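Let me begin by handing over the structure; questions about it come next.
Chain IDs A, B, C and D follow the sequence of writing; residue 1 opens each chain.
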């Protein structure tokens, strides 16, 4: 860690800060320059973060040298983690395709949508029984009843299921029915939920927050791993920017960036990442070309009548067409379906 | 609501959509233009939102006419709401000043910080026992033990207390000790928490999310009101933008904008809104000039040793100086301290 | 165009506005609702934009129905435009690969870099003689002398050249030496430059501005077309967001979105779009998978010594490796190199 | 400057880089840590920026210690600069109020608007003869004819005039008629224009770019000062964020931040900063409370008929009312009108 002092910092500030660095067990460094005094602290920076040196009135800025995450880092754990969701590996050579409707609306809607997804090649089922909705007047899912339908259909079709948990109070009931727990974008920094999910042994799909930096996202994953759960799949689903033509800006830069820094698998959700059905296929292909380990895609038997996310859900034939186009592309980047 | 059809929409699309509008109890309108067919739906748009017409493949875009919130709207409720936090009104002519340290660290730290705040003129105390931290390795508060200290100091000094609740599981214990519940920026769209807090009778300070639009913020408030709790104070605390010189960008535009649209009071948090101690006084003054009903400011007896947010916490004498400068400014805009 | 009146608009406002709509030659519509009066105006909205109805105190909001651009729109011109840059087509089945160093530093540096680019398969050469630099103390290019070197090397290697023009005063000298003129991100809304470049007959590569919406970008292209120049290639090069891990956020959503709305070709610049050499290959592949008509990539014979953009420039062997990986991927999406 | 090496950097990288640092005349430092090798370079960092060490494949990151600007910095020049625009000081105790319509539409419109501004207390006149417009079909100003009207009205009313210059080709004609040259937000990084304006002796109002960091803005000012012109007024006019309720997000944090770092005066433009007439007065007051040295406000004799920016222009009586409210507020923060 590098600590830059203010030009007008009192003469004894450096000594005082160096002593705090020392007493925290780090190696202090003193680098007096002509325009600024710079201090260094070598060792485990996570200790120093706790010192909160940036609160000191003599400090102009603090510049970390190391990433603040540890367990998720590839430096510590160089080999790719493969997460097992109900027998389907996520993170290996084979791409994982998670598909299904936004929400469990009723048994028939879910069955038909899931069947279409499966027939086209999806290996995992997605659908929500608890839906985060911007307005209190929106359809917010059928809760436990929705979970039962989801489990039943999943078992009937032999597709392991990924579904969202929104609150620690619902965790045990969701964990009982789901093969993997999804933490949604709006809950990426719901730290109580992260800790609780980290204590289950269910695999997790951790979506990136709407305005989360990649570093914050990896620290959210660190919450899960530090609580004992290393079965974590990251999911890039678009960030919020000034652009309004699309619902979000799918940040595919994050895919190779994250692959270089963490051993965890990463998948891409082009449905939320674009918000527009017509853009989903192109961005699904782009996600795989960028190096993603899989895709999460909304497919509904009749999007025009969907209770939520209809505008970004694919029709069954559009999804089937996408899967056909995905095959040669996957092969071109050394992956398979 | 206005529905614009795609240029290549099949001829029968308009009829089909008009029928759906009709059957939802709204008045349908047909406006065929030379380049686009435009449909209208007059009536309560919240019904239409449920129809999710944007999922229809014939629809190019859907443009709402009315705001999606209702109970928080000034149209329905023209007079200003004054929220009562332990006897201190928020929303009237007198400015509410909520001050105190970021976190309850120990009894002495809290007492000294709170006393300094009170002596300078603060009427409400803030401090967290549950702290959201980006890293799992950060100090996350003392929980129930912190709450007890907080209550004790608050009672001793006669300052009602505002403190954060982060999870539905902690709600009853926090509600027992707090005069007002704070919902933090990262939880603004934790809908389970919003519903649960809406069912308590405690006043709420609802912070704006880091990337929440004003409309989403008001809809989060609508969750609280629609669950039965109308004692809601909005708190602008900065949004996330590309600017990195400051921790957040304090969006003071939101103050007059929100005042024009809702009857709820709004306060400003220049500590989180800037992240830099040296900017806090100027932005506190600016917040009041913009029309805020109060301020929430971090004050610590010794920020250089604070366990969190030290860089943005004021020293007691800086806070006292700010309060002195605030007085004539408040008077200039027709408010008092 | 839809005009929503304020709830408290005076009774005669609607008539007054309908008259202005009529007198502008559009068909006025009156839709009185229970909560808002809504007006419509059918016809060429570009006429209405000039009326600036949003300045009227009775107007709450104005919602356009049609896109504000016309000549660049696919609605008017359904077939893909293929731009010819010195004999190399951009926009057809074959991908255009534009490569070369950020800046012309000297003849040897340019020659070596360009030769490496050509040998690996690039068909067009890029390099700047006029460089926009954030600081006045940075290397800003060799100007006319740089252009001469560029022309000479381009001719020797038989590569048509794309180079930036930054000011109307330099336009004639740049246009004389370049096969295509680049308008940089910072100049995307330099309207004087757009008009002047639109009056030349040189093909143009129009980079998207750092904070330009797609609509603003297409309107910048509309400046060029409306001035008479329809040889325009759009270039997505990343937008500015809150994410700081990468230099910009490459917005690949823009590729399929733009392809659906305009007939102009679009290419992707993963060098500026990421700012990090290690991410360039993955994002180049992703750009092509998303449907781009080509790529613009920085390649330098020795990036460690580059005077600008070294951190995002590929080494010659990295570029050659990328070109090898690009071939099967291009085939998988129906394109060739 | 601090240079962090990659964990896998070859052993000789440090020596190689230290040598480059030395040969550039800086003092090199070697700090080998357990997880990273860190290098330091003490001295004038602007020299090092030219070395572009971040292009080196062994370098993970480069962290500057000093600000990259120099002439605009308060470290070098501690006393406030007062800029003189036609006899009206900007930057002293007295607030400068620049008001007038967005554009010169015709003589009467300008005269009436300017007269109203003057009678209410404005001391400087603003109006554009060259208007940047997003669409090529918008009203882009009357050019030289507009300038003549502007000069004439300004002289008649005795108000010095600030007007925008958009292109180097128009600079001499604009400089002849204007008391101060405005560089608009979209041209903040038009470096050719900055250099050319820097060579005139006209005062400059430099607006912040829509997505410019404060550092980039100060570097744009550095272009002007390094070209010889130190009569520069900074103008915060809102930045582009995800929020769509307002046209821009007025970043008042920038006011105290900039005041702490530069000696140049700063003013605030609440018209562009909000885009909504109803928010302008509150944000004008907030700007002054934040410490601004003045305001730039759009006032039009009849905004409902304005050819541009009507929605954010004040009616004459609204402006007069604002000026009355501004007086006690200015006094409360130690300023006068």
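Operating definition for what follows: a residue touches a chain if its C-beta (ideal position, glycine included) is under 8 Å from a C-beta of that chain, and two chains touch if they have at least 3 such contacts.
Molecules present, by chain and UniProt name: A, B, C, D = 3-deoxy-7-phosphoheptulonate synthase.
Bear in mind the structure is a predicted one, so any value in this text is a computation, not a measurement.
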{"item": "Same or different contact residues where subunit C meets its copy subunit B, judged by the half mark", "value": "same"}
{"item": "Chain located farthest away, centre of subunit D as origin (C-alpha)", "value": "A"}
{"item": "Interchain centroid distance [CA atoms averaged], subunit B/subunit C, Å", "value": "38"}
{"item": "Mean-CA-position distance for subunit C and subunit A (Å)", "value": "31"}
{"item": "Mean-CA-position distance for subunit D and subunit C (Å)", "value": "26"}
{"item": "Multi-chain contact sites of subunit A, meaning residues that touch two or more partners", "value": "211, 240-242, 244"}
{"item": "Subunit D contact footprint on subunit B (complex, rising order)", "value": "211, 213-215, 239, 241-246, 249-253, 255-257, 260, 273-274, 276, 278-279, 282-283, 285-291, 325, 328-329, 331-333"}
{"item": "Interface residues, subunit A side, partner subunit D - complex", "value": "2, 4, 7, 27, 29, 31, 33-36, 38, 40, 42-43, 63, 65-66, 75, 211, 240-242, 244"}
{"item": "Residues of subunit B that touch subunit A when the two form their complex", "value": "46, 49-50, 52, 54-57, 68-69, 132-140, 166-170, 186-187, 189-195, 210-211, 216, 219, 222-223, 226-227, 240, 277, 303-311, 313, 315"}
